Amino acid sequence: MSIGLIYAVTGALLFSLGLYGLIVHAHLIRKILAFNIMGSGTFLVLVGLAQRGGEVDPVPQALVLTGIVVAVSATAFALILARRLYAANGRCTLPGEGEA
Amino acid sequence: MSAGPWLFDLLIAGTLAWIAWRTLVTPDLFKSVVLFIVFGLLMALAWARLAAPDIALAEAAIGAGLTGALLLDAVGHLQAARRKPGKRQ
Amino acid sequence: MTRVLVGMLVVALGALLIWTMLGLPAPSGRVPALVAAHLNESGVAHDVTAVLLNFRGYDTLLEIGVLLLAVLGVLAVRLAAADTGGTLPPPPGALLRAFTNLVVPLMVLVAGYLLWAGAHRPGGAFQAGAVLAAAGVLLRLSGRLPALLPPRFWLRAGLLLGFAVFLAVALGVTVAGDSLLEYPPAQAGAWITLIEATLTVSIGLILVSLFVGAPAPPGEAGSRGGDA
Amino acid sequence: MSTVLSALLAVNWISWVIGLPLTYTIAAFLSGARAGRMLALPALVLSLLAAVGLSARVLAQGPQRHMVGGWGAPLGIELYADGLACLMLLMTAAIGLFTGWYARHYFARQDTGATYFWPLTGFLLGAMNALYLSADVFNLYVTLELLGLAAVGLVALTGGAAALAAALRYLLAALAGSLMYLLGVALLYGAHGTLALAELGARLVPGPLAWTVIALMTLGLALKTALFPLHFWLPPAHGGAATPVSALLSALVIKASFYLLLRLWFEVFAPAVTIPAAQLLGVLGAGAILWGSWLALCQQKVKMIVAYSTVAQIGYLFLLFPLAAYAPGVESAWYGGVYQAVSHAFAKAAMFLAVGSMVLAAGREDIDQLDGISARLPLSLFSFALAGISLMGLPPSGGFIAKWLLLKAALAGGQWWWVVVMILGGLLTAAYLFRVLRHAFLPARRGKRFRALPPALELSAFGLALGSLALGLWASGPLALLRVGAPFAGASP
């Protein structure tokens, strides 16, 4: 097992954990946290799996840089929506998902 | 490859998974966000171990730093709003 | 009940993923070899920067679009005036002011260094932009960045600058008869420097805008008087 | 003359198809709402011309390959335009133009949100064009995110708790879908060392990796396409948005992720997909048709009826997969599925715009407030009915051609049960559409007041409804374009 593969396996775990959190949590900020963990896991798989032979691959590294910027954009947007929703109806959850 | 660095990577990997789990299940939202920032810093360490210093820099600055700041700001705001009596309009 | 079901499903997913990955043969290394082989034609000496701004520059162009979209979204979903309370900083203490005075010029220097370094070692527009944004956030916290938003014309121009220059270069080179973003080989370095410098400014401004939060839209600039 | 034509054919249309909407976005954001509104129609017309130019070139010279940066795969990103991509580009440009025309007048009336509608729409159209042309799985991920954020921004424009909740639900679903897709990309690159669609198609072999990738990417894209039972986010987002936004989302945006699924299944996954997997997609499609139509029948708000109708019509798209799984039906199924995507786009855009006008005129969203519409807005009601013909699959409409091709594929492959689903779906569609018509034909109640509408609101919907009809009357043109570079070369439907 190479270093790359160790982190790729960790990435798969983080993706699954994040997906679980995204589905079961009702609180919007927790959903956003879970999405970020899921994203980090995906990024680890992207680089770790490509580098499982021990050789450094700049292409997936560049892809992950792009992915991190996309993730922070989505996070900022989701947070503003959540705050605005809270201002509008005083709830941190989506309708139908209950206050958790 | 000797066993030393290997163990170090397994330690980082295990800690990452554990902190991610704590982030998701900690009842206190503020603590969750702090744990998430720690998670981001550990990710930066993982990137350095993967010989990806560019990502390590970006993860520390954007992933942990900016995302963390955004989340802390949002949580602080929600909790401040909640402490005030009555609903805000 | 749902939790147990979802839990079982994601455990199964994780196991499937790990089992799949462990069964893969060693990678071919074809693409890293190609990157190394063409690095000297890319106009920069650092491989990740070469991928980001030359080989796969089109991804980066669209990605700046994603950042801009986040700002557009934040502006569109503007908070009601009362709700900006959370983002308003407390009155700055003397310590914070002194700290800001000391650190912000330093951060601008670091950003400049990161931008310059990106051509031949780790660093580049994104990291530099993030450091600029951190400086902006500090200025904001110490009350030195009044009424950055709602975005007046010049701020909007700054937000758009990186994307606009990048797009203009991408389309401009096609008019000369080549593909989208196909820099003339001799000038690749110069174009990339121009794009990276403008991207740094725009990324910094975009990230600060995301942090400063949702202001009133430009149309209402006069009536709101700042973002408070 | 011929030199002019050949010069026009030689233009690098691919760059402009992507570049024009993005350039418009920059101008619209920089100079504010008024300029965005004034520049919209010229920009949309130019985009349509660029799509026409590219299609002419593809018809004349065959599929076009464009190596961005001049590198070529696997080092660089390649763009690829065949008949399928061109048809989607034409559909996007045409519907964008008519919806933009509608929006100019719609937002002139109620100004909230108008400021950001224009730049967001520019991004939305540019992202779709980039998606249709991309031949690189990671680049496709970036276009998906661009598209998703633009769409969510547009949903949120209306403000208000309901719109914000709908936008957030949509955003979270879209993000989860994109990450599943991206994990598939990570596995594909890890295993095969390339991101180019064509190379991946040549290298993928049946096995655990291929099946995991197929499952992840199909699930992610099905979530983004709102395939039953993953449609939970669609009705509030499409039904609650501003009317031009509803039209763009329901007609176009869901087609983008469906298109990507189609490309992947036919050009990358083909060696590894199994018949049970295709049948599963078909079963979900059938579920969408029946459940979506039933819920459409139960709605009280007119725009929600149209939104649930989208959930149902998406189901027909997914019948393509089981129908194409057996050799005798594969061509009809593929052409039928794509034709359904295009004709549904025209019909649904027309229907949303027409219904939006009715709601605007009546001032209420409920179906029992539509009385008097037939006398007051006959053209809008006529557009609604014409679009309905296409949705029901009756001749002469694009929907008829699509459903005819799908039926033909079902009979050729001996899969008669899909025929039953389609007939039931058609009947339910008729039921919910006639429910709207019945209310609209009631005489206006005493003292009922209507708002006067600018004629452009009615005319733009009518133009789109005529488009959905034209797709049935002149089907040979679009089908000939589709044939260029289709996965089954040379064959006709």
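Each chain gets a letter, A, B, C and D, in the order it is written, and its residues are counted from 1.
Please note the rule applied: a contact is a pair of C-beta atoms (placed from the backbone, for glycine too) under 8 Å apart; a residue touches a chain by one contact, two chains touch by 3 or more.
The structure presented is a predicted model; accordingly, all values stated were derived computationally and were not measured.
Q: When C-D is set beside B-C, which has more C-beta pairs in contact?
A: Looking at contacts between chains, C-D has the larger number.
Q: What is the distance in Å between the mean C-alpha positions of subunit C and subunit D?
A: About 30 Å separates the centre of subunit C from that of subunit D.
Q: Report the inter-chain centroid distance for subunit B and subunit C in whole angstrom, where each centroid is the mean of the CA atoms.
A: 20
Q: How many angstrom lie between the CA centroids of subunit A and subunit D, rounded to a whole number?
A: Between these chains, centre-to-centre, one finds 28 Å.
Q: CA centre of subunit B versus CA centre of subunit D: separation in Å?
A: 38
Q: What are the residues of subunit C that contact at least two other chains?
A: Residues 17, 21, 24, 27, 29, 31, 35, 48, 55-56, 59, 63, 66, 69-70, 73, 77, 82-83, 86, 126, 207, 210-211, 213 of subunit C each touch two or more of the other chains.
Q: Listing for subunit A: what residues touch at least two other chains?
A: If we look for residues of subunit A contacting two or more partner chains, we find 8-9, 13, 15, 17, 19-20, 45, 49-52, 56, 59, 61-63, 65-66, 69-70, 72-74, 76-77, 81-84, 87.
Q: Provide the list of subunit D residues touching at least two other chains, using ranges where the numbers run on.
A: In subunit D, the residues touching two or more other chains are 138, 142, 145, 149, 152-153, 156, 164, 167, 183, 187, 190-191, 193.
Q: Once the touch criterion is applied, which pairs of chains come out as touching?
A: Going through each pair of chains, those in contact are A-B, A-C, A-D, B-C, C-D.
Q: Note which residues of subunit A are touching subunit D in the complex, please.
A: The contact residues of subunit A facing subunit D are 8, 11, 15, 19, 22, 28, 31, 35, 38-39, 42, 45-46, 49-50, 52, 59-60, 63, 66-67, 70, 73-74, 77-78, 81-82, 84-85, 88-89, 94-95.
Q: Enumerate the contact residues on subunit B facing subunit C in the complex.
A: 53-54, 56-58, 61-62, 65-66, 69-70, 73-74, 76-78, 80-81, 88-89
Q: Which part of subunit D faces subunit C closely enough to touch in the complex?
A: For subunit D paired with subunit C, touching residues are 12, 14-16, 18-19, 22-23, 26, 29-30, 32-33, 66-71, 74-77, 79, 113, 115-116, 119-120, 123, 126-127, 130, 138-139, 142-143, 145-146, 149-150, 152-153, 156-157, 159, 164, 167, 183, 187, 190-191, 193-194, 208-209, 212.
Q: Would you mind writing out the residues of subunit C in touch with subunit D in their complex?
A: 16-17, 19-21, 23-24, 27-31, 34-35, 38, 54-59, 62-63, 65-66, 68-70, 72-73, 75-77, 153, 156-157, 159-160, 163-164, 167, 170-171, 174, 178-183, 217-219
Q: Can you tell me which positions in subunit D touch subunit A when the two form their complex?
A: Listed in rising order, the residues of subunit D that touch subunit A are 138, 142, 145, 149, 152-153, 156, 160-161, 164-165, 167-169, 171-172, 175-176, 179, 182-183, 185-187, 189-191, 193, 195.
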